Structure formats: structure tokens, C-alpha cells
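Letters A, B, C, D, E and F mark the chains as written, and numbering starts fresh at 1 in each.
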């Protein structure tokens, strides 16, 4: 009844034997927020982002800047609904999400030329990106991550949450560390929009570097402009395949109050969308928008609208550059 | 009891025979929102904008940038209250609004030199601008429209809402098309702040051009700056008479969440006010601020404050450049 | 239980004879809002700002821009809780606040080198700054004030509120005038971010100049940039000792809706924090963040987060440049 | 993706030739609110009520009072989604809604014994009930209406909205008058919970009586109790077939703030649900919950939860007493 | 533009020499809230209550319970707007309010039979009732007060706020004590709905008794019912003239969240209105609704609607029983 | 800085060797909400309830109904702050909470006669009650539980959450089952206010009975009144020692919207407080208020006020009846 951008719903998770409509780009919700360290609520992010996209009509969405309608292009874009995730056990939930990614990305795409469907995930807290990266690894191998966030999220589980237990160590601030440890990402990755404090003066930076990341801080945009940010990102990832993860808290709380660990001094929505649109031509093999916690939004649903438009830009990037699968599963 | 900026209330719509205080610039509310395609609520826009102007004291409103107090200048600025509009029949309501404009603009101004009073309308959804343009046409003939909006609003009634009925075709997305068809506007008009998608790839642009408009997109301000926008607007309208229509959704939802069809990636209030103030010297013969739907505002009433200040800037433009009436009624 | 940035609570106001832990920089709340002319509610500002700082962990707050952790530096930073102020008599309340400042600043600092502790006050309406300036005068003599605000706040009590009574004349718009009259501030002071209208065309400016202020208007940042603002402020105050007062309404209501007399067209949080961080090296002998009225905030608590980070920047400025006391008490 | 009570979605409005799963009780949304005289917003009522029902699990909804699970009983209960209604022309929209009712009620039910499926409509403003009554008339002839509301809604179109035009006369306060004029309802109908003022002293009551209604005022529950109300309703409708229309404004605004024309002094949710459950055994041939306008709800979504539970009670009444169709279509 | 119940505005405070329309019952706002001990905001109570009355149409307000329209009866009911009160000096503000009451009640009524107009005041915090009682004393001598409140409000200024200063002693918790000291009220007064704690175990009760009050606690309604409460009130005040003061916090916060010192466990709106309507026949010579602080209301404006309806009931009581003036001024 | 009811803070969790002030009744917060199945947010319950108690002054809290001030009686009541609980591992968090209870209840009370201090816990989600019951068992053995809730919370972990993992089986709907399995509670326990649906028709009831509970449904209060409920509870628990657990969702969402699994049709705050006060004389050996999730509250903080007053009533019950410890630790 309510899908992202009123796209067709496809029952992507249908059991064996059931016929499933094919697709090229799949939207999937990941209602999960028990990996957070501050305000919970991102479990309602997927339905929130869909609500924010209510006014997008796929047949009438011709972009004013590019003249394109990415929903009417070569790719069939659909919404798979939400992954069935428990709120009561993170370990189980991540396995459920791993399985979901596997099924959705494992079907044969609609396009005959580009047989592996790509996924845009609606979080959920940032822990969910770990599942997404495990999935992209299966199909495309190691990827560069372009990580829009106010936080590094490469914290060592021993530093953030992990003194306590292994279970606690898997969370929305450590998932990039774990992804690195699991060998899922290239050391040509990059953060953009960083401004939250570090937990350790040198250790955090050394560790972040070791995880394969370079840092573009939030205020750098004042120096180099949107154009400079775009160039920096392009230079960093080069010709590699790219996963884009957008933690909505990369935006300033004026633009995205509805998130769990909001940090002031961030980017405007206009800046973020301009940066994203500037990445056109990259080989995006997966993407997400995470940490949207609707209950903290204002009555006008500012955050939900912004998140929905970010998804729109991610769809555009994927449509603008189809990607061939380079690795057998 | 509550007027815009605590200005004097004048019973502008008094019946024949009743004496009415004269004025040069009249504020009039247009509580109407049944021409919208998304979130309703702009019927409470006029009282909302007045609430947002509560702290303006006409006798103590010396602008910090210009040093002027536009309420203590040559022009007598007053508030006529709201037009008596039904919520239950758009056709009737627009006729009521036409009549209201006719009465208010038809009285002899307070100034002996500039005998036609000008009107600033507080919407109400954007459909109400149609009545305003019909009214300005009576007094000043065809005008250039400077249209601040995230949407084009020149849609052909056949495209937006109109496949259904003639009644449905008159709405907040088609009124500029209709104004063009009625011959009310010059083909030196211009949109500013556009970013919402088009419904048709080429058709929309062709139609928009045919309606007399040029487009300045929202992100162009990043390239040319406030100054460039001002120059572009001035160049476009030349020496013609100008009607300014400000759809509050030209602002980013962070600045104006309280509107029906909010679009992210818009201008800041500082940008919009700077642009408006830069138009000083133009012959503004009418203006409005529309699509303010207070229920979507945050508790601090950000949108209402912004809308009230936009009205303030519009008053200033009118005061800075009195306009002689060029056409008999 | 809840202190600013989870810093240690010290019972700074303990009676004579009780031992009190020493400190170098003290946070003190001033719950007072009966000096306001518009929306009340700043009496809950101190607890609001503390709530906004909930996620700051002093042991893990290494700034991403500077690499420093100002809570683990030479200075012992603590929270004294709130001054005990009555809501029912402004005269009494200000005396209570005067006494509070006297006691807190009168204790011997933790550092042996810099024996006078400095205070950062969480307002409360802006009237409370008067007590703070009376206190700094006792220790450091006349100071330059860097006053971030959308309003001048140098109004003559005869002009703002004062026709009525002496009592009414002491308020959040006149306190800088009174501070000047009491000889507390140098005529090398400066406002930044001004955009609210003046009550009188010339009188306000003449009076403001006489009170020792220069004006940097809000939109000047568009012309000179953050860097230009910083240079302007530095040039103005020279080598003098500086008190920084941040009225949160210097921010645009999109960034700080939760304030009593919000004015649109203001700065972004990123701009304000960049300006503040650019003042590094100044001799800051006192500071405050005022006019935070939490009830007007949006559910995501945008304003509280911004205010908490402003305080963080103020602590940083104080830590970066210790100041020797130049005047016996 | 989001249906009422997580019930299965059925594409009830599928075109000819498409196979459609059969059902016994259908939920249908009617997003329409341009027939209101006060605060709009009920167009989002259907999705709001569905959101309020999010925690209902059909397989695990055993009522604590009755021990029954009405979703696992003989009847197949499903959600058809929303009727496709324009916001831009009431006349057209009502025709669209008429057609929707016709299609949904016209399919053969899942039960072989009771071949006519029944409909529970989620409004939308109260005008939508007119379509529902037109539909029930086709299948069951004239019915008694049990109308829970704070307003009479039998106003003569000449009195409410109708002096203006025929179009304006069809609205949320006149639909019961029109239903009477169209011969759809029996003169054994009854209002319950009435407390809003009448527009005319005697005329309203005379007219209301003529339309077939008896009035139970809100405060009568204090005199006769829930039990007395139930008895009064049963006595009034006797053995006739019954349509139940629940205007959510029958509840006090403390329990249902999210409605367009809220009236204080109403019933509690506990009272309303007890009354509804007391009607068990009646032949309910159609029902609705209308006037839910989510934007006016509080953050805890009190109204949406109440509305969802009212729908639950309506389903129960329908399940508890299957009804044979008495009239050929 | 916005008056209580859309009643005519009369410029009651016009200066000498100006002609003023006559009236029998006057509504006057008292925007004052610097006498509160907890959450401020009642300064916006008058405009809030007017907003809550927006849907009342005087010509179409025939009560469903009584069949009467109190706006079309013998009495001319009008709205005088707000008293001009400073926010910056309580002493001055109360004098301003005293003067306002004097002027409004001092004009000759419209009715020739009952020459003294009566006033219903919209607070403002409860301190404002002191001015009202001073005014009624001038015209009718000592009166019984029926005081609906969760708080006693007879606190000795020495106990509540008064240890500090005389100024602080005049506040929303002491005004009834002061009224007693000034000899304005009879010792046949009564509180209803009390539930807030006492500051002193015995002293408060002794003092309350001395001030002329009997106490009906909130939960007594569970024992004696609405009817019992009405009887208790009637018995207490006997045939004396009565001033009714309704502190909106007599309602439970579920019904009236928008107040400064909300106390749980209170009455429902239905209970309060039923009690008020039960007082029909009393000689009400003045009344008020106070402590409405709109910013704490929920989006549906529950409190404002309740307060507006309480005013409606107060008007009804005054219309139902005209009162002759018994005392020369 | 902010304690429950402004009571003294005691550092109850001080390490060995540190001296700790003694107490008789301790308030402890349990910020935990990762055991919930619906809306999270109760992790902010403890600070929310404290905020709701802001206006309680222990020295001036003489109850209007009883004449007592329970804070000035024999018992020393203090606030220990919050238990240090991780959000990232339920197993660890519950162990941390077990340890917290052990330390706080293990200290020697202030009273020499009643040496075991009692605890009132501020939740947190309902899972936290498990730790509390483990703790009371150590001191007083098996206890009767009076469980105010709309939900049974005795679900078998195999039924609710438990098909998945052992970890998932410990949650806010199963903790009473687990408490029974651990032998912590007597089979003289009782639920009050139940109205949420059962997951299984018979199984739930059988299991609930086996866990030692009797059920008083929400609507029973309409039949037997507050008095009947009190008698029912007293009869059920007899002379046994009693633990009172108040899930705030026992209240109707109109009174307590700020909770995770709100169920309509519940009790009013007046009813709940009357019931609680009626339990005077019982041997209460522990108590809690849980499931308060402040983000869902309305701006007036209705829920927080109600929760704070429930805690007040629990303190009163403990003070009214001291309890001797019957079991060595």
C-alpha cells in the first residue's frame, strides 16, 4: 500500500517455488535499532522514509537539473518491503538481514545485460550496513565505501561497547571496523561530513586509517565547496566499485533532526544532494540511507523528505551507470 | 485584535455607503486551501502569518540594513482582515476572492499622487494568486511575474488535475497557466528557486516557456550567488511592472516546514530575504506569500516568522518605489 | 545526576566552613526569564542545555578539527548546578545571581598559576549577563564584550520597558546599556549577527556607539565569510580581555527555534561554531549562552544540541588561553 | 506493506478479467477531506488508522473480554487499500467512491453462506459515508444508522454550506440529510454522543427528526451508564439492519485530538468501546470510522490507536453476526 | 480580527470623549504570567482561548442540552480585546489591570434594567483574579468566590514567595489571601477540585479557613457525583453574589495539558462543564478562566477548546441570571 | 542536580571503602529499553520521571487527602541516580541491574528498626522488574506481585520472542514468567487493568494461572468501582508481602501517551491513584514504575507528571507500613 516512491511492491523474499517478478534495483527496509548507543527509534526508519517519498510519482519524476526520469529508464526499480528482523536479539537479526540480502541480490535481474540486481537499503541503524557489505562482497568483491556521516563508525569493538561482551561490540559505531576485519572493503574508502569527536586522540585516527579510510571533515566544504568535495571523493575511490552509505546525521540537525546521534555543524540538504549528484558515473554497487528515527522529526517531516530525496539520488546514480558483476557467487 | 505587524485594521470590505479609511498598501488574507494536491492546511495561513508578525511594531521597525522604517514612510499600510471565502466550492471561493480584490484595489488610495492602492495577499494556497493577477490586470495591465517557488505552477490543467473535470483543473499547480491563458501576464516572467520534478520531460518546459517564463533553479544560487540571482531577475523583467508571488516552499523545509508540498534542497531564509531586498527599485504592483500551512510548523513557529518577514520585505519594495497607475479600470 | 557534558558536579555554593573541591572553569545555570519582552521559557534553559550535552563524554571528546580534548587539558572544568534564583522578583533574583557569581569566582582556582576561576553561565534570559559582567569587572576590570545576538540589547531603559518604572527598565534588551552605565565594559566591544529592527532610527545607533559597540550585521558573513567575521572581531577587541555572550537567537530559527525572540535570516550553527573556534587565542575571562527556551524546540532538540556545542567551544577558548588575573578583588 | 491490522492486502479494485481473492469483510480507505468546514487533514486518515493498528497481529488477537479472535473466525477479513479519489473535485471524488463501493461489495464473498461481502470504510471526512450508504442500500435496502458523533450531520444543505451552491451543499454536515432524501436510511436511526451546538433552535431538531433520527446526548451516559446507552440503541433500531458510522469526534478531544471539528465534553475511549461491544448480535451491514486527521494527533498517536481499536470492534460485530443479503442488486 | 466566539469587538478602553458601543457582558484578556512559580506562558492565554473559540458562531450556537443560544438572548456580549499590561513589572501590570477593570465595568450597560456590565476575564496567570475581585467589590461589595482549581491559592505571602520581598508575595498562589485581606470576599467561598499538596500541614488549612473557604477535593466527585458537587457549591454560597474563577488546572492534564502547574488526578472536561451548567440561577457577577498556557498544548489544541467552552458556560450563567447592582461605585 | 522530587542524591553505588549516607527508601533509575517489542524509548524514562517530579518539594508536600507528608516521616527517602546499564547487551545489562539492586538493598537502612532499605525503581522497560524481584527474593523471599498493566507479561519465552533464541526470550512480555520459573513470586499475585489481546486463546490464560496470577480486567472498574478493585487486590494478596509493579500503560493513552505499547480503553490517572492509595497498610517490599518513554509525551508532559505522582503514592505506601525483613541474605 505504501512503497518507496509509489514503486511496485515485489515479494522478493518469497519462498522457493513461488514466482517472483524480476528487478534491477531493489529497495529493502531494515527495521533495526538495537545497535545504537544513544536515542533509539530507527526501527521505524523504513516506513518513515517511505512516508517521506509519498509525493514522488515514478511516471512523473523528471529531474529539473538533469532532465532525466530515473524510474522510467532501463532499470526496473521496485520495493521489496522490510526484512523480517527481530528486535530482541542483534545476532539473530543480523543473520536474518544477511539472509535477506542474499536472497534479494541472488535473484536474476530484469536486465539481461546486468544480471545482478543492486540493493538500496533503508535503515535501521548503521549496524545494518554490515549485512549490506557482506552481500556486495559476495557479488563484487571488495569495494570502496563512500561513507557520509558525522561519525567515523570505524571504532574498534574493544573501544566502543566492546569491553563488555562480543555481542555488545557489534554496533552502529563499529560496523566499518568489522567490515574491514572481514575483508569486505578496500583501503580506498572515505568518510565525508565527519565532525563528531573521537574517543581517543591518536588511536581512533590510526585505526581509521588502518580500516582503509580517509577523512573529509564537515567544514571542509566551506573551503573547497561542493565541487571540491566531489573531486576529493572521486580522486579517492578512483575506478573502484563503490558502496555509498548515507548516515542521515551527516546533515545538520536543522535539516535532519530525526536521528539518534545528531551532531550540529553539519551539511545542508542542498549541499548533500549536490555532492551526491556529482558522483554520477561511479560504479555504485550498493547503497543505503540509515539512522532515520522518525519520532524525533518535526511535524513537517523535514528529515523524512530529505531521506527520501537522498534515496532518489542514489537510484539515479545506479541508473546512470549500470555495473557488470565481476565475481561469481 | 491581531493584524499583520499590529497595523491598523480597516474594514475594507464595508458595504456601500459606509465610510472606509483610505490606505495605500493593503494586506488581505485569503483562507483557501482546497486547490492543493498534497497536504492541506493553508486555510490557516493568513492567521498564522499574522501570528508570526506579532513582534513587529510599526512605530519601531527601523531596518538594520537600510535604516528605513517602511511603516512610517509615505504609504499608509493597513490590514483588511480576511476575504470571506467558502471552503466548500472552489469556483465560488475564487469569485469571492475576485470580488474582494476588486473592492480593495478599487478604493481611492490615501496618497493623492498614487491613487491605486496595492495589495499584499496572505495565502491560502497558490490558486489564490489567480485572483490577484486578475485584479492587477484591471489596474496595470499585463505584468511580469517573479515567482519564487520550488514548483513551476504553469502546468496545463489537462496534465495536472484536469483529466478529471474543469473544476479540478483550477488548482495550485495550474494557476499560472490559466493566468497566461487569460492574458494577465507578460512573457517576461520568471521562476526562482525551482527544484521539484517535472511531470513530463519536454512538455512541461515547452509549456512553461509558452506561458512566458524563464527558470532559475534552486542550486543556481550556489554558482552565481545572491547577487547573480538578483541580476538575473532584474534583467528578465526589465522595466516592466512586476507582481511578486512567494510560495513559501521556495525555502528549504528546514526553514519553512509548514507548507503543503515541501521540497528539500531549497534556499535559506537569509538567501530569500537578501534576494527580495535586492529587487529594490522595481515597480511592484502586487504581491503575495502563499502556501503557509501552520499546522506543520515546529513549536518555535519558524515558518510563520519567515513568512512574516517576507511580507515585511514586500511592503518595503512597494514603499521604496511608488507606482503610477497606467490603465483605467 | 545530569551535569553539563557529564562533568563532575561541585557544590560551589556551599556555605562557609564546608570544603569545596577546587576548579578552573565553572559552569553555572541561571534559571531566570522574567526580564523578557516576548515568549518566556528560558528559565528552563540551563537544564535544557545540559540535556543537549548528554552525549558529550569528557574523557572521550577529542575534537576532530583540532585534535584536542579540552576537558583533559590543564583546566579542571566542573558544573556548579543552578544559581538559586526566585522567579517572583527580578531585583532580588539579580542580587542572588550577583552573589552566586561572587562566590563561584571568588574561590581559589585549582591551577596554581591562574588563581581566578572563570565562569560560563547557562541562561536564562539575557538580563543575567549583567550579573556576569559585574562579576568579571571585580576580577579583571573593564572588558570588551563580543556579543553574538540578533538584537542590539543596548537599548536605553527609557526606550525599552523603562517609561514604566525603574524595575521594568532592567531587562534582556537593556542590560548592555546598564553594563556600560556601570562602567563594566570597554568601548572596544562588538555585536555580531545583528538583524532585528531598531526601535529608533538614529537614537539607537548613537546610543549603541556610546555604549562602546561596533555592529557586524548578520548578512555581512555573505560578503566577508567566516574568516572575515573572525578578523573583524579580532581587530575590534585587540589585546583586551574579552567576555563572550552568545544569545542563541544569533542563529537562524531553523537552527535554534527554541528561543524567545527568534529572528529569521540568521547564521547557521556551522557558521557560528566556525567563528567561535576562530577566536582561539583571545583572553576570554567569562562567557555565557543565553535565551535558550526549550519548550519551543522541535522534538529532535536541535537548539539544545547547538547550545551545548556552543558551550563546548567556549570551554575550548578558555582552555586554549589561560588568563592571569589583573586586578585585586 | 502496511495494511489494517496486518491483514492480507487484496487488490479488490482490479480490472475486469483479473482474478481477485475473495473475502467476507473488506477494509477500504477513503482519503477525502474537501467536504469539511473546519480543520482539514482527514485525507490522511486511512493511512493513519492503519499506522495505529500496527501492533495488531491477526493470528494473535484473542480478546481478553470475549476470548475470541475475530480474525480467525469464519470470516475472511482483508484490506483493499484506498479508493482512488481526487482531492480536486468533490463531485468526481464521490462518484469514484460510489464506484469503489460498488465494485468491492459486488464481488462474491468468500463464505458460501453469506455471499455479499461487507465493508468497513476508513475515512476521510464524514461526507464519505454517503457513498457507503448508497452502496448498502443496493444490497440490503434501507438501514438504520447508528451514528456516533458530537454533531448531528443532518443539516439541510440550504442551512449548512448550501446557500452558496449545490456543490457546496454536499459536505460532512449534510450527508445524512442527503442520505435521507435519497431514501437510503430508515426512520429508526439514532445519534449517540451529540453535544455540538445546533445552528437553528427548532429547525435543526425538526429536520433531524424528519431525517429519521433520535438523539442520545453525550452527557446522557452519566445518567444511564454504558448499559443504558446500549439499551437505548438496541431499542431504537430493533431488528432492522444497521449501519454504524463512528465519527471519531464522538470521543472527547483528550482521547481523540486528531480530528477536524473536535468538541469537548465527549466520551472516553473506554466508554465508546464498551458501548460498541454491547451491540453484539445486531445485523451490521456496513460501518465506518471517519474524521481522523492524523496531523492533529499528539506524538503518542492516541487518536490513531483509538480509531484502530474502534475498527477492531466493528469487525467483531460483523463477525459475531453474519448477515444474509435480502435484496438483489 | 479574532475575537472570542467571533463576537463583536468593542474598543472598551477608548479614551474619554470617544464614543463606545454599550454592552452587558464583556470579555477581556489579561496577558500576564510573571506571577507564576512554575512553567510560564499564560501571557498567551487570551489569544489562545480566542483561537480555541474559533468555531463558535454566535448566531448559530443553540445549546443541545438547554436549547438556548446565550449570544442571542437579552445580553449583549462583546470582546474588548486585551488589557494593555507590561510583562516587566508586576506592580505596574496589576495597576494597569485594575484600571482596565474599572473602565470596562464602569461604563453603562446596554440593558437599561441591569446597568452594570459584567466581565469575563481570560487569563493570564491567576494573579489577575485579584484585579477582577477589586473591581467586583466596587460594584457589588463582598462576594462569594467559587474557585475551581487544583491548588488552594490562599497561601500567605509569607509562606509562598514572600520571605523574599513584598513584590514577590503577590503571585498566583497568594492572590486569594490578599483578596481576603483586602476585604473583597465573603467567608462563604469554596474551592472545588483541589488536589495539589499543601505547603504546611495545619497552617495552610487554618489559613484557608480564615480566608473564608471550604474545600471540595477532586476525588469527592467519585463519591457524590456531579450532582453532589453542584449541591455542595450551592449550599455553600447560598443566596450571595458569586464570582467564579476557573483555573484550567482543575482539569486533569489529559484534558488540559496547557497550563503552568498541572496536577494529575483531576476532573474531566465533561465533569467540569456539567458542574458549571448546574450552577444555573446563581447571581454571577464576574468570572474568569485563567492559567491557560498554549505552548504546552498538544497539536489538536485540547486545552484551548476546553477553555473556550468553559467561557461559553460562564456566559450562559450570566445570561441566565441578570444581576442588579447593589452598591454605588 | 535533578533528583526525584528534589530528594537528596546519595551515591549508593559507591565502591567499597567509601562512606555512604544511609537511607530507608531508595529511588533508582534503570535506563534500559532493548527488551521491548514495539516502540523503544524507555531508556529515557528515569530522567523523564524525575523531570515530571520537578515541582514536588519534599519539605512542602502535605497530601490534601491524608494530611501526611511522606517525605518528612520516619523514613529517609533518597535518590541513587541511575544504574549503570549498557544499551548493547541485554544479558550484561540485567546482570548490571542485578548487581545494582544487590548493592542498594544490601546496605544497612537508616532506621534501626527496619534494617533493610526498600527500592522504588524507575524503568526502563518492564524487563527490569525481573532484577527487582530477584533482589526482593533475597531479602523477603517469595512475594505477591500486584501488577498494574494492560498486558499480562507472563508470556512463555517460547511464545513471545523465544522461538528465536534464549537471549530473545528475556523481554518485557516474559519477565513474569521467568520470575515464576525462578521461584521469586507467590501464586497469590494479581494483574490489574488488563486489556491487551492474548497471543493464544487458552494457552495464555493457563500459563498465566500457572505463574500465580489472577486477572482484573480494565473494564471491571466500571462494574465494581475503585473500591471494588481495591478489595479485590487486598483479598488476593492477603497478608503476604507485596511487590507493586506499575506499567504506565495501565493508564489510557489519553493520560499516558508516552509509552511503548499503549493500549486504549484504560484507566484514568484519578482511578489509578485512588486504587494505589487504597492499598495503604499492605507490606510493600519493593515497587517500580516502568515503560515510560518520554519522547511520545505531549508538550505538557502529561505522562511524566502521572508517573511522578504514581511514584509518590508508592513512597506513601512504603512509609505508611514499614516492613521487617524476614529472611537473611
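Everything below uses one rule, namely that a residue touches a chain if its C-beta (ideal position, glycine included) is under 8 Å from a C-beta of that chain, and two chains touch if they have at least 3 such contacts.
Model, not experiment: these values are computed from the prediction.
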| item | value |
| --- | --- |
| Other chains in touch with both subunit E and subunit F | C, D |
| Furthest chain, CA centroid comparison against subunit E | A |
| Centroid spacing, where centroids are CA-atom means, of subunit C and subunit D in whole angstrom | 57 |
| Chain centre separation in whole Å, for subunit C relative to subunit A (CA means) | 40 |
| Subunit A and subunit D, separation of their C-alpha mean positions in angstrom | 42 |
| Contacts with two or more other chains, residues of subunit C listed in rising order | 252, 254, 268, 295-296, 298-299 |
| Category of the chain touch graph - line, ring, star, complete, other | other |
| All pairs of touching chains, each written as two labels joined by a dash | A-B, A-C, A-D, A-F, B-C, B-D, B-E, C-E, C-F, D-E, D-F, E-F |
| Interface residues, subunit C side, partner subunit A - complex | 55-57, 60-65, 67, 69, 226, 252, 254-255, 268-270, 273-274, 298-302, 305-306, 309 |
| Partner subunit A, residues of subunit F touching it in the complex | 33-37, 39-41, 43-44, 86-89, 91-92, 161, 164-165, 167-169, 171, 295-296 |
| Subunit F residues touching subunit D - in the complex, by the definition given at the top | 38, 194-201, 204, 215, 217-219, 222, 252-254, 257-259, 261-266, 268, 295-298, 303 |
| Contact footprint of subunit E on subunit B as seen in their complex | 1-3, 9, 47, 50, 79, 81-82, 295, 299 |
